[in-house]
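Chain IDs A, B, C and D follow the sequence of writing; residue 1 opens each chain.
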């Protein structure tokens, strides 16, 4: 059994990790860390966790002794400190942005935190379908952001084959509210969110540099991502609508995508004219991608849906763990969405 | 024109008062008080207020000079202080609980605040349809709570005619979330509320003593209210399902209710077998009441719906203002709900 | 492996059965019947089913050959016809009301269908926690209705020990919309449901005779259930608020319930003052029960939450299958809710 | 008083017209037509209409005698027949697409209906802010589609001044569900819509030719609109996110827009960095527009919000009526949104 630990287990990503790992046939959870509620029993804090275990404080030695893998669901900058302390004893899958950037200067600019000694860490960007070979031996996996996951999987076949005609990529994303985490704010209260839709952080969302970095890594070219995220009155789900240009015909694009994702268990290319709802992936690790081409202008519209907390966070983290421990990638993860 | 002021205009009740009073043909709003945002323009704080006016601090002399009526939408205890300072210069319609209780000891027990000098104030419980004669000349109107409004209007015909057989009244209420006001808390966040339903403050909600007092005032008898409020994933609306016993036949109850509310513009008795949705009163001052009788047991089920922010707060406050200034009661208030 | 079949797999209950049984370690699904879509592939009809299998028509011989157990998710009267044709070859778990009644005259009255030859069938009312001994050998399990499940589990400890003081039980239930199934009607459209709450079938819902029958079976006494179901703007979940009278103290009731459900994996008694949201059981087979007593009047309020499609339908059906095939009752069913 | 009639009053647009016109100080509604429910009283069919009037069948002579203006909220092709029969006796504001197209061949292609004799009708495209001079004397006003209203108002200042650099306009729109009208279909049922988001009619929505026609009319140039509409789990509201290119600086664009809409009562340009929610216009005739520029690429993002049933349908219809009858444009329409 893989012995696992979760730091930040009472947050939404932590809870989703718990849900997935509790039923994972190859994992035994040994360590539950919550800085807020340490000392209490998890069942007492969250009766619907069905986890009769004590929440502990951060104890690096215990983690090193009891965990083969550690999931860190922490605010920006904190995961980095944890990784530093653990000194490569335990493998880490980090769900924050701390290890996502090739260049710590970019992180500094967007997250206002300087990561001292960053170059010493062996880190891999954990987009499972694309980087599985690198993930196998990674000490630290930087689990991708939710928006980037939805966008990069939709673009990867075109990017890797250098098939885009323009250096601008328009990304219009729509997200459920759980992406913001547990928020003690009026802005995220039910009365403010329910019944309406709004954009936020237009152009300058923190996921833009992450997407641009990875698009460049995939294509070996520079692209500019024009990104507008929107907050939708739903709890889970991201739908990204992406506008690019290509000279491929619709038939060629379809073949390209079906080939590219042919062996994937979680990525599904829909037939022309079929569009997914985010409900199709609710609570699951699946991804659906639709493709439409406007023949007149050569514009291609790519539409992808994921569950932001599963494939966009905890699910992909577990998928990465499966890769790291060389067990079948879908272990404990291959189940249907909750529908309706 | 009646010169009006609103204290606490940026809260949900304040905003609803603003919406109603802006279009009231007999009112000119002169004063907007917000302790949090004083000095700013209302349009700047809330662009959808369409109110190009400055938010001021509490200035009692100015209020006395510029307001014929003052709406106080404030936390428990604060309205009382305002009323004290104003010394009967300006008529007050208070949307808090401060003036709702006949006995300040009851208020102390449930709201943990001692109201010194309470007996000096002339106050009227502002359930418009029942107490209009007393409201006309009131200096201070205690606007009823949202739950009590939905329950008392549903019970009044039976209570006033002493037609209940049991001293226990079961009230199972379901409320939209806006009743809690602007809440900076995880508990009221979209992710915690959406998609689920829960009870809260079972038996011991603060509206129980208010209901029991007014039920006793209406019936001249003592009743015990067994009250379970529930939080429903919707913004506005209260639906109360009330279980009582009576020896009247269904036909007699129907006649009683239709007679009792015959002349009312806002209270509507539905035909047997027709049940209202809270959507039927969304954003309006209307009330619907359904009545069903189980002939076998003599149990009567009363169902009432209101919009908690309109008839349950700001709408009834405006209705009370109309009464106080002897203008037709439905002025500025008689419009349809937003549907769907 | 248990070979299973689902009739009516494209409906909401059918889809939930599919979700649960696909990941059940002891089941192999061999047969998927859909009268509407027979001939098509399930993946084609519902891409998010992730089931690359052909939908077939009803073929009783094939079912008898290929299924050890058959789940029938069908409209009233149709399951009965299926059971007749199968002639005891395959064990049936029926999710309709066809086999729930002891007396076919009651069924006739409420469902307007005469069940000819009803007395020949060996049937068991499949409330798993209460009737597991009878279920083990049942040929036909009548899976309980969603409302009755939520109500009977909440009342069973008091009923079985004859501890209620009054012959009237008030049940105020609130349900998500999926309980109505796939509905081609304006009444259940998003615009009509979202943002509002309403009661329906007050007093005379079809689940009343089912509850009264089972309450009588549990208590050996006659009770009258005053039942008001409400439609809540959420997809899944039932919360029942139940008002009864008892002479037990709160402490005694708590002990009674904790004892009664002590060994149960799915039923959880909450500590005094803790109330569940239906979100606590979203997509899971768990049940939470809260208990409050009004000491002044002796009134006891019981609050229970279930997911209407899981414990209220497909989950309990799988639990019953586990019992019927003598495998651990929680097999394939013991997982956490999706939260948030 | 203007004597008004509504055909199709029980639909969502009809109900919104009723809500607005009932409280319009210069209108008296004389005629309510419903083909489905003729003969019944409106209060009986929809108790929350608070309209004690009989629903009649279509009687052209009576309409000609009793209506100065007729609002037609009818399916494609039916309004056209009504207009033909009325022979210019009564002025018409049509909320269908029948009179929106300059070229009936385009209508035929997209709506599959041939409009015989179309050229004989004097029609005006009723985008109030842009075409008020033409609307004043119009016999028939073609009320714009909801998506086109949100897009054209956002683009008009740039189009009229010929300031776009590219011939492609990307429009990513998100709509509430009421835009689809009262739908008796599973697809629009609460369980299918709630909790998820999906695109539909990508590239080939019927509003594309309407937008392209009007963009061409405004700019005297041809543009291609790449349009992706999405269905959002909310009842009302449209938010359009529009991507174009311009050489203007952000400052210049801001001045352009503030100048262009300077005198408008309903169109509001937000300060840089402020983004609207559709909730800001819920139930109101207001429009908010936000503007952002990516200086690096010259891409301009325009974001507009409207209520699809108000400014996107019934509200703009009433605004057009005010223009046609030379009364102040905001009469009966200038009120705040319902918030929250």
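Points to keep in mind about this one:
The criterion applied here is as follows: contacts are C-beta pairs under 8 Å (C-beta built on N, C-alpha and C of every residue); 3 or more make two chains touch, one makes a residue touch a chain.
As the structure is a computational prediction, the values presented were derived from the model and not from experiment.
Common partners of chain B and chain C, by the touch rule above, are A, D. Pairs C-D and B-D differ in how many C-beta pairs touch across them, and the larger number is found at B-D. Comparing the centres of all chains, each the average of its CA atoms, the largest separation from chain C belongs to D. Remark: chain C and chain D have CA centroids separated by 46 Å (rounded to whole angstrom). Centroids built from CA atoms put chain D at 36 Å from chain B. Shared contact sites, meaning residues of chain C that touch two or more other chains, fall at 12, 178, 191-192, 194-195, 233-236, 276, 279-280, 282, 340. Within the complex formed with chain A, the chain D residues making contact are 168, 170, 172, 174, 191-192, 194-200, 202-203, 224, 226, 228, 230, 232-237, 239, 241, 243, 275-280, 282, 290, 292, 294, 296-297, 299, 301, 303, 340.
Listing the residues of chain C that touch chain A in their complex gives 12, 15, 18-19, 22-23, 47-50, 178, 194-195, 235-236, 268, 270, 274, 276, 279-283, 286, 288, 334-340. By the touch criterion given at the top, residues 12, 177-178, 182-186, 188-195, 233-235 of chain B touch chain A in their complex.
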